[in-house]
């Protein structure tokens, strides 16, 4: 199969007719941008002056020593403006929106990270902004909602379905089919109908381009393996693209193992046996769905990985055997987070910590003169409510209890 | 006067005898490091791979347009690892500690920012770490305490005095006089006994070195004015050093005006009439003290500016008329923060927002072909408890109320 | 008889100046209520009925139908259950029935298997809002093979060229979405709408159904002469919820 | 009479093998209690008393004295009040009194003004733990001018060379901090301490006072022969808090 927007059998654009013209225009604008070297240059310059690109590649000497195997390098997407790789995609789409002359952006968000990034981009570019967020997530991730609102965005709680990420995506599409003329939907990951997977992968490829150069400069050769967590798959695609061409570099995607792959409470579309091919949210991929094709509830300690679908590009690379998939459980994630903080003074986001888990499992198998890269997609200090809760920290609870009483509890 | 460690009449090293040898060794190590180009190179390389240096200089086009005057550039210390300029000083001292062969670091912290930075550095370098923090601040800044502990540090609540920053400094000295052999005290700002002001200023000068080059590259000339908030004065000294030699660049330090300079509830040592010369915490400067020489309680919405003393170097530059001082009130700070978020998608720390206030007051006076730099010392998302409270956000309160009840309130 | 000839015949008879198509969500609030609602609809002169097989991600639907999908699934409706119910209904009533659903329902069931079973049941057409012609190669081939009409959708954003393209793939009729957006909100029937309808006519020879926001006799009257089929969707779901099954008959009877 | 001659004379008399110096924080818990405590101390043979003028930042003190400083300030003690009280006390008792405080108290008052007034009052010496010789140029000149002894501190970390330097600036006696750290914790009197004391002796001709953690007769006994003055600090503050003013006399009497 070689249809545009397809990766092997995955991808496509399963969109309602009302968006046909919108997608035609979007494809045209994207293809023009992609073909125009000035566009990429403008993007890189924006990311270099507004965010902190190139983000560093940190040699984690203590962790390397601790595991006694490969040299561990960490690609520091946490140092991006707004605290995660989401900024790359969002700023890139912002430039495209400006070119298309639209004045309003909408986005879905689960953890809130993409919502904050989009609200930030909208403030910077002067766009109106509406963020759709599952009602459950609005309640869980109030700090992010607070920042989105302060940045000038309207946050709409989504009350349909499981009231989480996938429902926020549906709701964003419902907005878009109503106001496509002035509005662009800033899809947050390498999913959704074509050209989104290609577009998001392109913007995120900045991670891999940098990392490929940095590992050569700092380590003097190619890494043996590259690890990234996979929610929708954008940070993974971002870093993998720097190494896809070299078959000697093994690429490892790490999904949310939740309470275990046998528990039914996870979000592993590819690493578990629970995923199956389907078409939803505008594209074809491996979904966690029942035998009727109804999407299932997923679970992860990391809201950003808690999603039923996965990038069609990754589904293809998985099918081809080019990317290996693993899963990390919630418990493993907390342990890896703890170790990383104590050994390196670095606080990965819960999402990112999934990649650390698998890297830690494997680092000791490799020789000391080999290197691995872990893509640290974001920083964890945004997750304090979840992390402190997961660590069951008594002083934190006491602090919140007192604050709650101050506010009338 | 030209005694070592003095800046005009300010500075010195008013230290107990028991630390004499420690300071002798520290001065020697620091002077060796300062004279050794390899040390600075190691420092720059560490900051480039572990933190995100050079941090960008962002042209705030929307704010510039909004005020209709000078082009506003923002130096983005918020993008440092751990979220503020504090990382520069701390990593530099970490390298020095390694050279001195010590194995334990201690630090004071007010807002918690310097504590988190020190705990981070200690984790990275494998040092034991104890952080002294006023009991009041421990209660107000629990998120930072949580991270310090998770990074492996011991946080000791200080119950003496006003239970805030100055008392934490005293307590850190009390630790140091007990364990100087294996311990280095990582002073968090350009204050304290010589060589700390010189040392911290040196490490922070990386901000100004970068900014000087960046403004030339991006604007094509010198800025007319440079604004920085002043707590102890380290971020201000950091950025000012890039422009001190050029008398045409006006340097503006902005102190905490709290509830107003006439209210008695502020922390303006130089911009108000309430400061007077004194000797405390190991150095001579302008303090907020009563006629007996007892230090007064200070107030600011920004914990990091809430301090009785100020850098002796800045006191001298103020006396010389080289740095102009102004104060921003709590209310002005909240308004500037709000505007900056909405216009640029950037969230300054409450401390940094003080610099924005003064820049906003003056930007319109300047011509469009002039430039000003605001040093954004840190990011505000760490301050959500304070900021959401100050904005009196009802949904935030409701969220905390519910969480409090979940935790037994 | 195929859907297109059924419609052409009905229109040609001349006793109805416009046909009525109604919509319901299978399993919401229950198959039993669906059964009684369908009976009322047929008795009161409805000409076609689209039965929506619930899907957990009804991207193109508005809040009322979204909730209906979700509740039907929560109450345990299955694709199997929908097919069995459809078999019973097509057996009981002589008018043409269509399935409306999202593509994953077919895909997961097996697209050809779904077509085969739908033909056995006597379903006349499929409306799949998330399946554009570009993605429908297999689907259209199977439509031909099993003689089930793929009903494509025109939108106000469709260009004349695009309409002709869609028309080429569509059978039976064209479903014209009366406005941008999702199901359930009222449509303004204005100058712009008239122009849109003229555009539709000019670019297809197929009969035109108009749906989205049609809820009153005035709406149906307005469409008469402009369109061939008026589609009543969300309105009957609300009616049943608010006034019970018995309200459906009089409502339908009063539309034309 | 100058402090040095007072001390030399007292030691030369030979009836006391070691002198006692006590410490108190002015205004804590009140000047009235200070007055009664001092009377008890003098009556029971204390040889010197250091009166600490409270400062809000007592960097070199431990928790008990820190709290005493703070509470005294909170209760309203002023530098003026301390000076007036000292004038009364030096008039009432014949032993030498010293001021212990931090440099800012002098600095803010006016260093020369402070010296002048202290001389009028009859204060014999100053102990200023945060004023090293390097910062004391003006201070030492004024000490000479007003004949008030600057008492400098040796620390276990001081090298012989440094001790000689300190000794050159010090008058009356040297205050040897018995250990690293702040006031208030017990000191281990061991081999290392003895070596430290020998180092002190070798590098100054001035009498040696030893303070920090001396609280029992055993401590004083241990110091006898090694030092010239034993300094009792935190202990009496705790004693007054726990057992009242009347406990001070017997405690002092029992030390030697």
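In order of appearance the chains are A, B, C and D, and numbering begins at 1 in each one.
In this section, contacts are C-beta pairs under 8 Å (C-beta built on N, C-alpha and C of every residue); 3 or more make two chains touch, one makes a residue touch a chain.
Not measured: the values here are computed from a predicted model.
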Chain whose average C-alpha position is farthest from chain A's own: D
Highest C-beta pair count, chain pair: A-B
Whole-Å separation of chain centres (CA-atom averages), chain A against chain D: 66
Separation of mean Cα positions, chain C and chain A [Å, integer]: 38
Touching two or more other chains - residue numbers and ranges from chain A: none
Residues of chain C touching at least two other chains: none
Touch-based graph of the chains, sorted into line, ring, star, complete or other: line
Each pair of chains that touches, named by its two labels: A-B, A-C, B-D
Chain A partner contacts - residues on chain B that touch it in the complex: 48-52, 55-59, 62, 76, 79-81, 83, 119-124, 126, 139, 142-143, 145-147, 150-152, 218, 338, 341-347, 381-382, 384-385, 387-388, 391, 393, 395-405, 407-409
Residues on chain A engaged by chain C in the complex (per definition of touch): 12-22, 160-161, 166, 170, 173-174, 177-180, 276-282, 284, 289, 291-295
Chain D - residues contacting chain B, complex: 54-63, 66-67, 70, 73, 78-79, 102-105, 107-109, 129-132, 134-135, 152-159, 162, 166, 177, 180-182
